[in-house]
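Shared between the two complexes below is subunit A, which pairs with subunit B and subunit C, respectively.
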Partner chain A sequence: MDWSSVFNAGTLMNTFNTATIVILAGLGCLMTEQAGMMNIGIDGMMTVGAFVAAVASWAFNSWVIGLLCAVLAGLLTGLFYGVMVVRYHSDEFIIGVAFNIFAVALTTFLLRTVLSQSGSFHPASGTVQNLPYLSFGKIGGSDINISLMVPLSWLLVVIAQVFIYKTPAGFWLHASGEHPESLRSVGRNPEKMKYIGSVICGVLCGLSGAYLSIGYLSTFTEGMSAERGYVAVACVIFGRSNPVRVFLAALLFGFIDAAGMRMQGVIPPTLTATFPYVGTILMMVLLALRNQAKKRGKRV
Partner chain B sequence: MKKLIVLVLALAMSLSIFSVQADTTTKTPSICIVVAGTLGDRSFYDSANEGIEKLAADFGTETNVIECKEDGSLYENALFEAAERYDIIAAVGWQFFDALADENGVLAAYPDKKFLFIDNALDAIPANLMCITYAQNEGSFLAGYVAASLSKTGAVGVVGGENAATINDFIVGYEAGAKYINPNAVVKRQYANTYEDPAKGKECALALYNDGCDVVFAVAGKTGEGVFEAAKEADKLAVGVDGDQKYIDPDRIICSMVKRVGQSIYDVVANPDTFFKGGEVWNADMETGYIDVVYGTEDMPQQVSDALKDEVETIKAKIISGDIIVPTAFATEE
Partner chain C sequence: MKSKERQQYLLSLAISVILALMVGALIMLATGHNPLEGYGALVKGAFGTRRAWGNTLYKSFQLCITGLATAIASSAGIFNVGGEGQMYLGALASCYLGARLTGVSPWLALPVCFLAAILSGAVYAWIPAVLKVKLKINEVITTILMNSIAIYFCSYMANGPLKTMERGVNTGTDAIDKLFRFNRLIPGSNLSETVFWIAGISLLVWYLMSATTTGYEMRLTGQNERFARFVGLKADRLGIAGMLISGAMCGALGMFECFALQNRFKPDFSSEFYFDGMLVAMIMRYKPFGIILMSFFFGALKMGATGMQSQTGISSELILIVQSIIIFFMAAEQGVVARLQLRKTRREPISKGG
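Right after this comes the complex of A and B.
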């Protein structure tokens, strides 16, 4: 087998480009996770973000407005999640699942009734404006083009890491999930922190969706997140809500996917398609083993 | 006087009933297409949809579309739903095999309705079913020929929806066509394992371009949209499928291998006497014009030279006459 066709600059580019979707969604998910809410509704938040970004980018003929509208839509979806979970104490898991189904149905409905398009968004006139690409010339025979969102997502990882571990607000966010009473005892409102967590989550998922529809592609298709949100949730669990670890987990996922796809010549394609999911299970087993080892260590 | 008015009104009403009935008898039978995926692929499913839209426009036929969104659990229910309300039911997608092969399924439950199975055939076909298959290997042969002719690297790629006989039928034809013009041509394939995820299609195509291919054939429905996005990003060439897709990116889509699914459905419904043959398989091939290679409209930039187009026509004639036997991914029955 020719390993150079599996591991090359293109594989790395593919990893970075596709992992960005998961990185942004994962960063969002960990914000709610920090505040003690398991948000599996991020897949739906991404779908809404992708739809709004594509339509706004087309309607206003500007990727900036597309991105801003996706952020705004994310803010609303995050607020919706917060209101449901914090205010009305609904089961966060059920709200998440319901939101995922609702988001696909809502975007499909709007696409078909308001925009009169079925399946995918291809306006008859005008174009969906894409996020700008940064070009870095040729490395190893392949063009290195990176969407603006890729370095931006890395910057956001650093900001999230600093926010959670170095700022008081980060500690409050964590405390609102871990021990709300102690937060209340110092005069802080845990509900408010939970709201902030869900809104940041919504915004980041909106960005992730926008990257998918107007960054990586230039269209919206029904259900286009294709369960990538769940992969992000797995990364958050594996990375134990630490932004840098979640980032690395997302890159690992992207790499397994990209390398697996390039091994189709020797391994049946139906099997290579399972690689990311087999990877998830292996990661979870690893995590469980590590946690157990830690517990034993403490006991001794 | 009152009685007379009542009489006239009653007469008018009963006449109006006749006139409505007269209307319905002239209409073609109603049709419902049940697609395995979703519309909006600008390819296979949209072609089927264009066929029934044309029926509605030409004959006022009552039409409907049920989309199964690649959810296998919906296939059988969707067929029952369609059979309940429409005269002709077209199952669009080879994936309906199991749902239709079910002995106690929809075919047995509605013996008086007409069913079409698009893109695949059952082993034993009941009298109320007609299977339409397409000689996609013949059209793909031409697509492979054109792709390998324009390739500078001698390597061409193909992104398939999944590793299944119908998709592989495209691929073996494409490969044979590429090798026909250039025996040293390398044909690389990637399977996306989905027809509904353009992002996955883009990854697959970028992997192929990255691996030295400079023309990639998209055989993956909506996933194929990602192939064209990849062609744009890598500034390489692509080949469209099922519909004439050149308009999507005239600068990079060199040609499209068309499979006139909509036209075949149209013909069956518009002329049921000549076209509908229950219990049979109709292989719509290149000879009858349901399979072809097209180059968009004249005002679009043409990458394929007129000389090459003439060569393609010559090969087309050879395939039709049987001088060239295109290999197929289906087990051939003698």
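Right after this comes the complex of A and C.
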């Protein structure tokens, strides 16, 4: 096997491009995680964002409007999650899993019944406007194009890190999950913080979905999130809700995905497609083993 | 469940189902369809012909076994979202043997295939179960990712090493020996002899869950793991047992699907069958009797939806939307009831005072 075909500038570009889906969703997920809620439903939020972005970008012939609509749709999904979990105390897992099924069903239904297309969105007239690309020319034999969303997502990682660890609001968000009663005693409403966490989560997942359909690809396909939302949840657990660590975990996922794609000449694509999922599970197992070893160490 | 609690639950369920169907009607209206026509086509699609009846009945049995598979794992405290993958592996293993054991008496071959199916399903469910009880790794994430792994792996096998040489078959393993296949009960429909097996397994699991000590201990573990440990139950073992049975049931369904309907393993044999049953189990809050009963209602909805799609052009996904809305309502039910009661108690003193 020629390793230079697997590890080169092109792989690095693919790593960044793929990882961005998980980075954005992971940032969203960690906002709810910080507020003490485990949001399994980010996969569905991404699906909704992806659908809305593709359709709006096509309908208004503008990626800006596509992105804005996806953010708005994400905001609504986040609000829905907040209402169900915070206001009505529904089981987080049931809501999450049901929301993922709901999102795929709703977008597929709309695609088939309203847009009269099935499988993926290929409008007869007009085009789905994509997010702009930053072109770096040829490096090592492959064209290096990076979506605008990639550096934007990195910026968001920094912002999230500062927000959570350096601002009072970030502190309250964390406290609303960890010590809601202490937060209440200093005159802050933990429920409000949880709502804010859910809504930010929805917005970021909407962005992630938009990037998926009008950045990473240039159309919407049924069930296109392909469980990447769950990978993002795994990255959040792995990164212990710390934005920078979640970012690194997402990059690792992106690298496994990209390297797998590059190995398709040697290993059948149906097998390389499993790499990111296997990698994610192994990541979680390694973390759990390390945590257990630490605990044992403390006891002794 | 206490009788008052049960009454409230049944009332909420009925309201949720009706409201969700109304939302479905609104969606039809919004997308330019007549809801009466839509639901009419749905009823006709489910019960219009003998063939439709057969398909509806089979779908119900399928929902029943997958719903109970979700329920038994959930009752022991593990949420098995990975039934789809377990089903794929069970199907692949049994189909491989079903094609290889040609010449062997069906009396020997079928049990061997069945064993292979339930073992592969159970082993694949065992992995996330052990990760959950020993390492506290969230099972929802592992099981759903393992679905993708299993489906990709099986599709690789059916397109690669195990691909049949038969002409006219694009993807799939070798055909299962004719002697091992199940006969259809209503020609042209999906209803086959497998329903007796499914019924048998379902009754067994129902009995296990509601009438045995093990079932009771599992429920105790699922409801309050710390308490279960405190009274000396082996909570880890019960959780794993629940997942093993759940995986075995999914594996068995994988075999039934292929041995009765596909006649070989094809990577597209299931259209997320497990998730349909899982939704029923979630709606019925993992109560085995409720799942068995409501399987027939949701089976009719599901089968009718395909009829509705071909008759009126309304995508059958609508029923999936309706089902998830029922779950949203049911999940929020206790919170809503509590809020209503709170409002009532707040209002009462005022009305008395006035």
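Everything that follows uses one rule, which is that the second predicted complex is superposed on the first by the 284 of 300 C-alpha atoms of A that agree within 3 Å, B and C clash if a C-alpha of one lies under 4 Å from a C-alpha of the other, contacts with A are read in each partner's own complex, and residues count from 1 in each chain.
Methods note: a residue touches a chain if its C-beta (ideal position, glycine included) is under 8 Å from a C-beta of that chain, and two chains touch if they have at least 3 such contacts.
Quick caveat, the model's predicted, so the values are computed rather than measured.
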**Report entry** Clash or fit (per the criteria above) of subunit B with subunit C on subunit A
**Finding:** clash
**Report entry** Touching partner for A:H122 - first (subunit B), second (subunit C), both, neither
**Finding:** first
Report task. Give one of first, second, both or neither to describe whether A:I159 is in contact with subunit B, with subunit C, with both, or with none. Result -> neither
Requested in this report: Tell me which partner A:M261 touches in the superposition: subunit B (first), subunit C (second), both or neither.
Outcome: first
Report task. Pick one for A:V244: touches subunit B only (first), subunit C only (second), both, or neither. Result -> neither
Query raised in the report: Thinking of the overlay built on chain A, is A:V64 touched by subunit B (first), by subunit C (second), by both, or by neither?
Result: neither
Query raised in the report: Between subunit B (first) and subunit C (second), which, if any, makes contact with A:S218: first, second, both or neither?
Result: first
Query raised in the report: Touch check for A:A169: first (subunit B), second (subunit C), both, or neither?
Result: neither
Query raised in the report: What is the contact status of A:N8 with respect to subunit B (first) and subunit C (second): first, second, both, or neither?
Result: first
Query raised in the report: Regarding the shared-chain residue A:A226, is it in contact with subunit B (first), subunit C (second), both, or neither?
Result: both
Query raised in the report: subunit A residues touched by both subunit B and subunit C?
Result: 226, 268, 270, 273
Query raised in the report: Within the complex, which stretch of subunit B touches subunit A?
Result: 38-42, 45-46, 69, 162-163, 188-191, 193-194, 196-200, 202-204, 206-207, 210-211, 222, 225-226, 229, 233-235
Query raised in the report: Residues of subunit A touching subunit B in their complex?
Result: 5, 8-11, 13-14, 18, 21, 117-120, 122, 133, 142-143, 145, 212, 216-219, 221-224, 226, 257-258, 261-262, 264-265, 268-270, 273
Report task. Mind listing the subunit C positions that touch subunit A in their complex? Result -> 27, 31, 33, 79, 81, 131, 135-138, 140-142, 144-149, 152-153, 155-156, 159-160, 275, 278-279, 282, 313-315, 317-318, 320-321, 323-325, 327-328, 331-332, 334-336, 338-339
Query raised in the report: Once bound in the complex, which stretches of subunit A touch subunit C?
Result: 38, 40, 84, 87-91, 93-99, 101-102, 104-106, 108-109, 112-114, 226-227, 230-231, 233-234, 237, 268, 270-271, 273-274, 277-278, 280-281, 284-285, 288-289, 292
